[in-house]
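Have a look at these structures, which come just after this line.
Look for subunit A in each of the two complexes below; its partner is subunit B in the first and subunit C in the second.
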Partner chain A sequence: MTAPIRIGLVGNPNVGKTTLFNALTGARQHVGNWPGVTVERKSGELTHQGVAIEVIDLPGIYSLTAYSVDEQVSRDFLLDERSDIIVQVVDATNLERNLYLSTQLAELGVPLLLAVNMADLAEEQGDCLDYGRFAGLFGLPAVRTVGSTGEGLAELLDEVVAVSRAGRPPRVPMEYPAESEAAIAGLVAVIERDPALARRHPPRWTAVRLLEGDEHVLASIAGSPVAPAVKEQLAGVDAIENEARFADLRYSTIADLLPRVHTTCARRTSPSDLIDRVVTDRYLGIPIFLAFMWGAFELTFAASAPFGTLIELVFGWLGEQVRGAIADPWLASLVGDGAVGGVGSVLVFVPSIFILLLVLSVLEDSGYMARAAFIMDRLMHAIGLPGKSFIPMLVGFGCNVAGIMATRTIEDPKDRLIAILLNPFMSCGARLPVFVLFAGVFFTAHAGTVVFFLYVLGIVVAIVAAKLLRATVLPGSSAPFIMEMPPYRLPSARTTLLHMWSRSSMYLKKATGVILIGSLVVWFLASFPVGVEYGSEASLAGLIGHALEPLVAPLGFDWRVTIALIFGFVAKEVVIGSLGVLYGAGNDPGALAGALAADGALSAPVALSLMVFVLLYTPCLAALATIRKETGSWRWTGFSVVFGLSIAWVLSFVVYRIGRIVLGGA
Partner chain B sequence: MRSVTTRSVAALLGVLFGGFGVVQAGLGLALFTLPEAWAFVLPPSLLDGYVLAVIGALFLTGARVFPSDEETGVAYTYVAAVFACAYGLLSLLVLLAGAADLLIAGGEEVPALVESIGPALYLAVLVLPTYLAVGKRFRQEV
Partner chain C sequence: MALAPLTLLTPGTPGRVREIRAGDELKGRLTVLGLLPQAEITVVSAGHGSLIVSVAGSRYALSRGIAAQVLVSEGDRPA
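Now for the complex of A and B:
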């Protein structure tokens, strides 16, 4: 039986690695048209020519020197775990920069194959590539691929099998200056005295990295018996100078060889360049971005309405069936009011979440979101954050957990910590149902505008909070922003829908999991002790709500809202489910809106205050767990909770008081 | 489309979109009012007016840069036309979704539905020929 092959899929950020990975393995990993979408390694399997192949998709790297957490994931895999073959995905429209990594990978001594991806785009802009000459000149076989359409995948897999069977390491014709070659030879002789160290990586590669001052390699030889001799060899070596000199050498080697495989048949200004002149306009860039966002919210509200109404009707019918089918009043209440009512009142808002995430996916996949990060860079710098941190904030609009994970692309630990602490202020999809419900009931004609301004408020609060953190607990200046602009692409329906589904399906899962459990717990609290009126002030829910009410009374919240907010710590959708149960809206989600409108304790100022509180306090337990994991600190996790709650309380108080003056009401 | 024509059309559309946008946003902010009959032509909306004003600014920038940099002028006019058509399409979707909602839920809120036929929709129809002509020119430029 043929031995299985393990492929490490590497390359610069945003060259289409995950698109190729999905096409090869049939996986549905999230792809996006901006650098830094993949922050963790992903694994998938396939069979080709009867050979089992495992593909490991790795975060993008520009070189083997890792600066950020996601880059470390790739580097650790390449150096410590290794694979039978490395497939480097290179962007056909930007070969020179991509091949820099190839020159480093080639020295690792692992069979290497180039997947020259997005070849269609290169050809459109007038580039001609001679794939057959890559192997002769660079010692690297190359295959033309277009990940989005699947072109060249069969040929790529044929080459994977052939190259890994041959087991020949690549041979990039690169010679270091004589003085450096002497230093490399000296170090190789020392390294080879420790067989374990010599087996770990090719001694020549280790020597080159040591001369470049690679801290990871320096740390890895610390326990070796030859470590003192290596240090002696390195005494007096200027690592920074070497790194710069070697980088120049690699680029000049590429520059010498590239014209032999690449010719520009007819260079034209690309459509992306021309569109960028407009959407990144110094004065109109930000207004265009805001207009896009407003369009997204307007569409979300309008297009989701008929679907929401349909779900409402279906759950109304379902409720009638439940009532008719269960004779026992307790059980009928548990299933009808607790389960169907709680879950149904949340499902009504699922269309809004799906449509908002669909629109955001289209904007991401088209490449526009990378421009949004670019145009926001000046503003981000003004508040002490790199423009790069705007991308996790945008991702946070979909889900804070994903947004917090996306901060892995930020190199500076302080910048990253601030970006993590700010992400909960970005209004995730789970908060949208609360906004849709309360804005719909209390600001009927202007519901879309109110929700839009809530999202803007989240961004404004994040900006002010960043400034505050920079001025107090996390002082310093932000790192400069360098980001590659991906070309605009017409998003493919499949990718966009998959992208939307991967993000929004979690709400459906939550509806049958945590929301169902939360709704049943609230039903229990609203029904006991035995004999009390369901959901009344004498119930357990009423007693708990009343005990905590003084804390939130200045914000205009009564005991029911208090209980719903407590359950909102678990997940924001539970706020709606809890209110549905507490207001006895039962299995008719539309009845909750009516019950809220009829409640004298609620008014437009209270609704505004509540929406601001929901926007700013802790998003959910999953987000807290992610903050703990990413910061590695309970202290910062606790800080995030207290910080969010404090800001939420103060702003809700201000909004409520001003709202009462301007809008009147309770 | 010839350069002078493209420039003139961009300027005209810029004034139209900008004018309608400023008036609609002003109505949304209740800075002034129009006779009730105008509600069907220019319903008050701060943010819809804002979007129209941004599109108008893009058209006007295109017209302004045309003499010095034709390629960039075409790019501004093209992006503005795409934006205008996309926003018109969005307005149409909003209208259709409202109609579908009425159909499912029942009710007689037809006037509210008619009010959602804002300038974004009919100005988009006006832009469509420009989009087609400038689109052709844009593709030629690149």
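Now for the complex of A and C:
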């Protein structure tokens, strides 16, 4: 059996590349990480005409110069890892800019094939293309595709097999000016003296990139014996001037050839422009955005409630069965209370997280999310962050893990770090049940208002924290904001579901692993030393609670609340499960509410202080693990813990003291 | 024709990019997106802190800081 044909699937952002990837590979996908970074690496396999094909979906890029982590991954793959063939997905409605990347890819010396995607949209707008002429004019074979319906995929794969068999790199008719050609030739001669270097990339490509001042390429030749000779050749070269001149040349080459493949069949005004005029209007923009968000949250909570209840029932039953089936009481408790109960208490929130991520995926795939970032840019700018960082914050309302991962599109490392550190203040789905329980018991009539203000408090804290970080440890102003506004489109169910799944499955994977371990630790602390009643004052958990009580007594918390908060570090929803155990109410929320109301140590001010603390303190374990991976720094991970804890302590203290004056009570 | 920063271009009126007075890195990023001298450009929507422009067949949101560095002339005739 021969090795599979390896396709590197590249393209500008928002050209429907992932839709095409999904249509090509279906469910046969592997999601892993690129080495060294946490950007997901998606690959998939298929067989066409009896030939095995591996497709690697690369993050979107506009050119071979990388600005964000995502873009670096694509560039490194294209330059260093390489594939048998590059398939560039180009947006048929915007060939000019898309072909700019093609002119750069063509020089890499790897067979290149264009998938002219979203051809249906272009034709609707009145742009018809002559695909046969692409190969003649641009030296690039092109296939018409519509990723959302799967049109043209078979033809694309036919071409993949044919082109990679022929193994001929493309020839784009680009002519550099004579003096540049002389400089290129001089560099090529030097590069060819080092065979290892000449083999790595086509010498001509390396020469062009060196003349453009590509720092990545410059760094990569540092170890070569010809490096000094290269430097000599480059002396006196104005890289900035070259870069601008070459870019101009690429665009003018495209502009010359494009009319010959591109014919206009009818003209219509773009509906995107009309929608944009309304939804990004100076006055209407924000109300429309708020209405969308309110709808999204309403839908999330209404639609997920029945599923949550169902999961709760199933796990309750499962726990009973397990405890009944295992004779040894220790083991029965370990598996029943620890493993099943712990994981169950977290899975209850999976429906709401899935549905929220689904709604957000629809908003994103339709093109609206980019407008939301635009609308919020002014506000975000005021707190020292680019508008783009608003999207991760929104995702954070579903789950901070997903939110922190969504910061990857932010180019500036400082902006991104701040966006990561703020994310835990966005009240995620896991905190809601804690609020609902306590607000329900202690603020019956005003429970909804209290919960609403907790969300607002989270946002306010995030804003102040951003200002604080900007003023102290991460000075500077936010990087200039450039963001593409993709045309509006109706998202396809398949794409949106896959989009949601790729995000929420990460949550599931992280959550279940970490939470299983955490639950077992909770069980251990609540069960030992041998002989104590589960979760009683005499257990290890009780001892720890008592030891730490003085620290949190000023906030109104007793030992039971203290333990619950410690356990809540695993995952915030665990606070409820732990209180259930500590109050002997098990998994029955009704019984727990009664027990809480009856406890003299608790009161409205304590409840308020507790909710504020739960909102702000240390991110959960899964979020911390994500912060560590995304920042690559234990120092910032530790900072996040201390930062959250300090803010939580101070605000809870203030809320508790004021609450006692206003509301009275303990 | 007089040059004006992009921020002053009337929304809906086509203009042509004449000069980009930005640092090299920013200039490079704009170039790749097709925002370079001689490109035809239209302001689609001007929000509070940034604007949406249509250039080279795509729409981009640009912060005012960037837009102020892009000098345009009104009307779409090439120079």
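We adopt the following convention: the second predicted complex is superposed on the first by the 471 of 666 C-alpha atoms of A that agree within 3 Å, B and C clash if a C-alpha of one lies under 4 Å from a C-alpha of the other, contacts with A are read in each partner's own complex, and residues count from 1 in each chain.
Simple rule for what comes next: a contact is a pair of C-beta atoms (placed from the backbone, for glycine too) under 8 Å apart; a residue touches a chain by one contact, two chains touch by 3 or more.
From a predicted model like this one, the values you see are computed outputs, not experimental measurements.
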item: Touched partner set for A:D248, first subunit B, second subunit C, both or neither; value: second
item: Contacts of A:W294 with subunit B and subunit C, given as first, second, both or neither; value: first
item: Which superposed partner A:D281 touches (first subunit B, second subunit C, both, neither); value: both
item: First (subunit B), second (subunit C), both or neither touched by A:P271; value: first
item: First (subunit B), second (subunit C), both or neither touched by A:A303; value: first
item: Touching partner for A:S220 - first (subunit B), second (subunit C), both, neither; value: neither
item: Touching partner for A:L313 - first (subunit B), second (subunit C), both, neither; value: first
item: First, second, both or neither for A:M485, with subunit B first and subunit C second; value: second
item: Touched subunit A residues, subunit B compared with subunit C; value: C
item: Touching both subunit C and subunit B, counted on subunit A across the two superposed complexes; value: 277, 281
item: List of subunit B residues in touch with subunit A within their complex; value: 46-48, 50-51, 54-55, 57-58, 61, 71-72, 74-76, 78-79, 83, 86-87, 90, 93-94, 97-98, 100-101, 103-105, 138-139, 141-142
item: Touch list for subunit A against partner subunit B, complex; value: 268-271, 274-275, 277-279, 281, 284, 287-288, 290-291, 294-295, 298-299, 302-306, 309-310, 313, 448-449, 452
item: In the complex with subunit C, residue positions of subunit A that touch it; value: 62-63, 65, 67, 93-97, 100, 240, 243-244, 247-248, 251, 272-273, 276-277, 280-282, 285, 370, 373-375, 377-379, 381, 386-387, 480-487
item: Complex contact set, residues of subunit C against subunit A; value: 24, 26-34, 36, 44-50, 52, 54, 56-63, 65-66
